[in-house]
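Two complexes are shown next, each including chain A; its partner changes from chain B in the first to chain C in the second.
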Partner chain A sequence: MASTPAARDGVSGFGAMWVRWLDRAPFLVALLILLVIVAIRSRLESGVLTLDELNVDTASGLTLMLAATGQTIVLLRGGIDLSIGGIISLGTVLAATHFGSDPVSVGAWSLAILAFGFGAGALNGLLISVLRLQPFLVTLAAWSIFTGIATMILPTDGGSVPEWWTRFGYATLLGLSGPVWVLLGLILFWYWFRATRLGIVIQATGSNERSAILSGVSLIRVNIATYGLSGLFAAAAALYLTTQTGTGSPLIGRDYILPSVAAAVVGGISLFGGRGNLVGTLIGAFILTIIGDLVFALHVSSYWQPVLSGLILLVAVLVSSLTEKSARRQSQ
Partner chain B sequence: MELLEVSGLSKRFGGVVALSEASFSARAGEVHALLGENGAGKSTFIQILAGALHPDEGRIALSGAEYRPTNPDAARDRGIVTVFQELSSIPDLTVEGNIWFRREPRTLLGMRDKREIRRRTEALFQRYAFPTLNPGQELRRLGLAERQVVEIAKGLAQDPRIFILDEATSALAARETEWLLDLTRRLAAEGRLVVFISHRMGEVRAVADRLTIFRGGRTVAAHNASEVSDDEIVTQMIGRRLERLYPERLPYATERVALEVRGLSSGARLSDVSFQLREGEVLGVGGLQGHGQRELFQALFGVSRAEGESLLWGKPASIASPRDALIGRDGIALVPEDRRGQGLLLGKSVRENLTLSVIRRISSRGVLRRESEAALVKEMIDFLRIKVSSPEQQTDTLSGGNQQKVIFGKMLLTEARILLLYDPTRGVDVGTKSEIFQLMRDLAAKGYAILFYSSDLPELVNVADRVMVMRQGRIAATLAGDQISEDAILRAALFEEAA
Partner chain C sequence: MNAFLARNRLVVLAYVGMFVLLAVTAFFSPGFLSESNLRSSIVLAAFVGIVAFGQTFVIVGGGIDLSVPWVLNSAAILMAAFTGGHDLPLLWVAPLLLVAGGLIGFINGFGVAVFGVPAIIMTLAANVVLQGLIVIYTGGVPPPTAPGLIRYLSVGHVGPIPVIGVIWAVLAIAASLLMSKTAFGRYLYAVGSSTTVAEFSGVPTARTTISTYVLSGVTAALAGILLTGYSGQAYLGMGDPYLFTSIAAVAIGGASILGGTGHYIGTIAGALVLTILAGLLPALGLSTGALMVVYGGVILVTVSLSSDAFVGVWRLVSQWRAAAQR
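Moving on, here comes the complex of A and B:
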C-alpha cells in the first residue's frame, strides 16, 4: 500500500494528456523515434530532408513494409506468420524463372504469384483452424516447405527479370517514386480496411477470440482471410524485391520474417492482438531501414546497426507498456 | 398460441446427461423465469435455443413451426437473442462497436458508417432509457456492470422476438438491476417473450408472469407466478426443503482487531477510508456499484496501490503485492470478483487450483510432496463438500457453485485468517449460497475476520455483523445491529445526509 509517483501520475496534466494521445495513436512513439533519427542525420549530413532521400529510403524499405503489412494483420488477429519468409523466397524465384520480356507475361505471372501467396496463406489459416494447431508451428513448417521448393527450382541466386521491370523503384510521378506511391497506397488501404467488416472482425477476434465466437464469428473464415492476406502481401513484397535485385533468391525471405514482427512492434502493434495501427508498422519499417544510414553517418562500425535496432525495439515496447499501465490506472 | 414450445429435449455430453426430455412452453408478451440450481440444465437449454449446441432428441417449435438452428446466426435470424452470462464483448472495440458488431451499417465503400452507428446507438439508448454510457468508450476501460449493460444493448439492437437473459443481473448493482427489471417488463409489453434466468428470488418475483423449474436436466414444474409460494419453488428447485437460506447470526466478534485501515486513499476512487475489522467479525461492505468497493478490496490485497496505513493483527504492514498479503496465518486471502478470469485456472484440475497458493508449503527443497498435497486436497474437498468425480477433474467442467467452493478452498489453504470476499455468491445457486453463508459464520466462530462485499442487499442484511456503506470512495455510514436494513443501506448509498 506504499504510495508511488506513478499512482499520482494519473491526475497530472502532461502525463494524462500523453497517455490519452498515445491511446488514440499508438504509433506516436515510433513517430518520435523517427523524428529523432532524422534530426540526428540531418545534423551530420546534408540532403537528408529532401524528396530524393524519401524516394531512396522508401525504395530500400518497401519490401519490409509490404511484408510487415501482412504480418501486422496477422498480429492484430493474435497470431504470427513465419511462412512469409518462404513465400517471399519462392515468389522471387517464380518471378525470376518465369517472367518473359513482354508485359503480358509479367502481368500474368505477377497475378499468379499473388494468387499463390494468398492461397499459401489461406492454407495456413485453414490448417490452424481445422487442426487447431499453433500458428507459430504451422507457419514455421510452411516457411520450411516453401523455402525447400524454392531451392529445388533455383539452388542459388539466379534467373532474371526484364530490365524495364527493375526500373520501378526509380520511376517517378509528380516527383514521388513508385515505392512512395505504393507506401501511400498502403496507408489508404489501412484506413479503408480497418473500417470494413472483415477488418473489424479480424481485430475483434484478436482482441478476444472467445467473445468473437460467441458473437457468431467463424474462426475458419477469419483465419483464412487473415493468413491469406498476409500471404498476399508477402507475394507483393517478393514481386517488389525482384524489381530491386533483378534475380530470384531462394533464401532471401528469411531476412524479412523477424524484422517484419519488429517493425510492427516498434510501431505499437500489440503481440497479444486486437490493438494497433498499420501506420505505426510502416514507420517502424522505415526506422529499421534507415538505421543503417544513421550508423554510417555516425562513422561507427556497421556492427552497431543490429545493436541499435534492438535498443529501439526495447524503448518502443517499454514506452507502450508503461503507457498502457498508467492508462489502466487512470480509467479505474 | 404458444410462441415457444419445447418438448422431449435431451442432450448428453459423453456419459453425462445434461438435459433429459425437458419441456418448456411460453407465449409472446410474457416474462418467463427459468429456475434451477447450477447444473440443472438451464445453460444447456438456452445454448440449444441459441444455436450454440445441437440437441440429441426433442422438438422445438416457434409459433408452431419447426425450429432447428444450426449456428448462432441462424437463431438470431429467427429472432432469438441470448445475453449469455459469459459476456461476449470485445475489449478493444468501443461501446457502439460492440453493440453493432458484425451488423454495422456500411457506406458505399464497405466501411462502417460512423454517423449512422452513432445515431442508431443514441436512439436505442434513448428508447430504452439506458444508464449513461459513452458510445465511443472502449470496452476494456469499463467495469463488469457496464459491460453487462452493453451486452444487453447488443441484444436489443437485434430487435429480438425472444430475448433470453442468462443471469444478466448478477453483475449489476441495485440501480441498474431496477432498470433491467423495468426494461424486462417493457419488452414483454411490446409483445416480446423474455426468458429470465436469475438466482435472486426477489427479482424473479418482481418480473415473472410464469416460471418453469428445471432439476437434474428435467422439467419438474411450470407455474403461474402468482399461484406458487417461494417455499414451493425452492423445494422444487433443490428437491428437498431448504430449512433456511441464512444461518443464525450469533455474535462471535471479540475486542481484538484483526485488520485496521487508516486513511486509505487512491486517486478519486478511494478517499480516506478508515475502519477496524475484528476477530470473529463479518464486516459487510455495501453501496452502489462503482463507489470504491472494488478499489478497496484490491488495495487491501495489494493488487492496486493506494496511500494509507494498514495494520494486521496490530502490526503495521506494507502490502504492495498479493505476495505481501499471502503470508500465512497473519495474512490476508481474497475471493476475487471474476471467478473464471481471476480466481481459477480453468484448464487445470481441482487439485492444482487448490494448492496453487501453497505450493511452497507442501514442497520440500523445491519438490512437490504428493502425499501432503493429496491429504490437503482431500480435506478441503470433504470440508467444503465440493462435488467432483476426482481431484483431477478440470475446474471448467464444474458448476458455478462448485467452482466458487474451489476458490474458497484455495483461500482457506493459505491459512490466512483475514478473508476478503468480493461478491462470493455471484451466479451461485441457492443451495450453495446457503452453504457459503453457513461457512462464513462458522469461520467467524473460529476467529476468522471477514470483509464481505455483496451486490445483493438481503445478503448483507442477513449475514454481516456490521455494514459499511460506501459512496464516492468514502465510507458514508457504518451500520450495526438493528440499524442494518435494506432501506438504511440504500439511503446511505444514495444520499448525503445518511442515517
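Moving on, here comes the complex of A and C:
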C-alpha cells in the first residue's frame, strides 16, 4: 500500500525498478552521510564505535528525535506542525513547576502533560479541518499561544524536577541507556504504526488527498489523529528534555521546530506528503546531533556546526527534489 | 478602487481592526497618542514593515522566506564592521550589502523555482548557513557602533515626522505600484494562484518567483542596516524576532499563505496592529507572555476570516449591501 510510486502507478520492468530505487535514494543518501561522518570521526578519535558513544549521542539527540517523530507523521500527511515548539516549552514548564518528589505525582503529571500534548495537537487538527485553514498559520499561532502561556507561568528558566528523574539518561539496561531503548521503541513503533489502519490512511491522504476523500476517508478524523500524535510526541520530547536540563524553559521549544523539519528532510521525508520512512528521520536527527562532535573532532571553530548542517540539509533536499521529479517523469 | 476593495476586503478589515485597536489603546492609556509615543510606534512598526515588504511579495507568490533573520543580522553586522562607525564608507557599504542581500534571495529563489526545493527548506538552509558564517566572521565579538547617518535615518525626525517613516512610505508606494500597476504584479498573482496555469499562460514563472526572493533579501538587508541605527550597534540574534513578526504582519494584513491573494497595503496595517498591541498590553498590566497569546489569537481570527467557512457570511454581506444600494 502506497509504498512506492511504481506500485501505485502500475509501472513494471526496468522502469519500475529504477523508480523504486529513486524512491529510496534520499533514505540511502542519509545513511551514506551518517556512515561518512562516523567514518571520519573514528579515524580522528578513538572510542567512536563503542556502546558508550552510542549511549551519549542518543542521549543528546533524543529530544530532537521525539519531536521529529511527530513532525514526520504530520509531513507524511502533507502538513507541517510549528506548534511543537510551544508544546515542548509549555511541557517542560508544567513538569518543572508541578512534579513532586514522589513517583506517583511525577507519573500523574507526566500523563497529564502527554494528554495536554495530544489535546493541543488535536485542537490544531480540528481547526485545520473544520475551518479549512492552512496548517502553517494555525500551528504558528498555536506556537505563539502556548509559548505565551509558558512564559506567563514561568517568565525565565526555573522550577525543578526530582533528582532521580534526571538520572534517566544514564540509567542502563543490558549496556544500553534509557534513551537508546526509547530510540529502539520508536523504530518498533514505526514498523507497527505504518501498517495500522491509521498509518495507512495518513500516508494515503498525504499522497493524494482527493482520492483519499473519494475512498471514504474522514479528513477531520485523520487531521485530529495526525496533529494529536505530533502533539503527543512533542510532549514526550518535553518530558525527556526535563530529564536532561532539570528545569522548565519557556522558550526552549523554539530550538526544535525547524530542526525537526530539517531532520525529517535529511532523512528523506518529502514535504509534499505521503513519502518517507521514520527510520530516515531518526537517522537525520542523529546526523544533526553528531555534527557538533564531527566539528569538534576536526579541530575547527564550533561555529562551523550550523554551516555544515545547512549544507547537509541542502544536499539532502536537492537529492529528494530531483529524484522526486525524475520518479514522476518515469511513472508518467 | 472599488475592484480593489472587492478583491481585498480582508485588507479593509485589517485597517478597521487597527483603528479599533488604536481607539481602545487611547482609551486605556491616553499617553499613547502623544506625539513622541506615536513617533516611536511608527519607528518600531517601520522595521517590521520593511522586513515584511519582501515577505509579502514572497508569500503572495506562493512561497515563504525563513532566511530574513540572518540576512538582516548579517547586513547589520557587516555594515557596522565595514564602516567602522563612519559615515563616508556607507557610500560603497550600503549598496554592496543590499546587493549581497539580493544575491542570497537569488540563491533562495533559484533553488525554489529551478530545482523545485520546498521554500521552507531552501530558505531555512540559507538562514542556518548565514548564521554560521557570520558568527565565524565575527568570532562572537560584536562589531563597533553604527555610523551617525544610519542613526539619523532610523531614529531621527524632520519636524514631527520620523525619517524612517518617510522611507517606509516611499517603500509602500513602490510596493503598491509594483503589485497593482506592473506586469510583474500581474505575473506575481498568477504564479501565486497556480504556477502550472501561469506557466501555460506564458508567464515567466521562474523569473517572477526568483524576483520575489531577491526583493525579500534586499529589504531584509535594508532593515538590518537601519535597525543597527536604532539599537546603536549590531548584535548576534537581532534579526530573530523578525521571522515571526514579518509573517504575522503579512497574515494579519489578509494575504493567504497559499499565495495568490494579499497586498502590501494590508501588510502595513498588520505591522501597525502588531506594534500597537505591543504598546497596549503593558498599559493593561499584561506581560510579554500575554502578548504572545494575543498575537496567536489575532492570527487565528484573521486566517479564520479568510477561510472557506466564512464564504457564506461574506456572500450575505454583499447581498445585503446590494439590497441597500437599490
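The working rule: the second predicted complex is superposed on the first by the 297 of 332 C-alpha atoms of A that agree within 3 Å, B and C clash if a C-alpha of one lies under 4 Å from a C-alpha of the other, contacts with A are read in each partner's own complex, and residues count from 1 in each chain.
What we mean here is this: contacts are C-beta pairs under 8 Å (C-beta built on N, C-alpha and C of every residue); 3 or more make two chains touch, one makes a residue touch a chain.
Predicted model, so just to flag it, every value in this text is computed and none were measured.
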For this session: Please indicate which partner A:I149 is in contact with in the superposed arrangement: first for chain B, second for chain C, both, or neither.
Result: second
For this session: Quick one: name whichever of chain B and chain C touches more residues of chain A.
Result: C
Problem set entry | First, second, both or neither for A:S321, with chain B first and chain C second | second
Exercise. Is A:L258 touching the first partner chain B, the second partner chain C, both, or neither of them?
Worked result: second
Exercise. Taking the superposition as given, does A:F136 touch the first partner, chain B, the second, chain C, both, or neither?
Worked result: second
For this session: Please work out whether A:G310 is in contact with chain B alone, chain C alone, both, or neither, and reply first, second, both or neither.
Result: second
Exercise. Thinking of the overlay built on chain A, is A:T166 touched by chain B (first), by chain C (second), by both, or by neither?
Worked result: neither
For this session: Check the residue A:S42 against both partner chains and state whether it touches chain B (first), chain C (second), both, or neither.
Result: neither
For this session: Could you tell me if A:L214 is touching chain B, chain C, both of them or neither one (first, second, both, neither)?
Result: first
Exercise. Which residues form the common part of the chain A surface touched by chain B and by chain C?
Worked result: none
Problem set entry | Contact footprint of chain B on chain A as seen in their complex | 1-4, 6-7, 10-11, 192, 195-197, 200-201, 203-204, 206-208, 210-212, 214-217, 274-275, 329, 331-332
Seminar exercise, completed: So, in the complex, the side of chain B touching chain A is made of residues 52, 71-73, 76, 84, 86-93, 97, 101-102, 104, 106, 109-112, 141, 264, 266-269, 295, 299, 302, 304-310, 318-320
Exercise. Considering the complex alone, what residue numbers of chain C touch chain A?
Worked result: 64, 66, 111, 115-118, 120-122, 124-129, 131-133, 135-136, 139-140, 244, 247-248, 251, 256-258, 287-297, 299-300, 303-304, 307-309
Exercise. For the complex, which residues does chain A have touching chain C?
Worked result: 80, 127, 130-134, 136-138, 140-145, 147-153, 155, 250, 258, 261-262, 265, 271-272, 301, 303-311, 313-314, 317-318, 321-322, 324-325
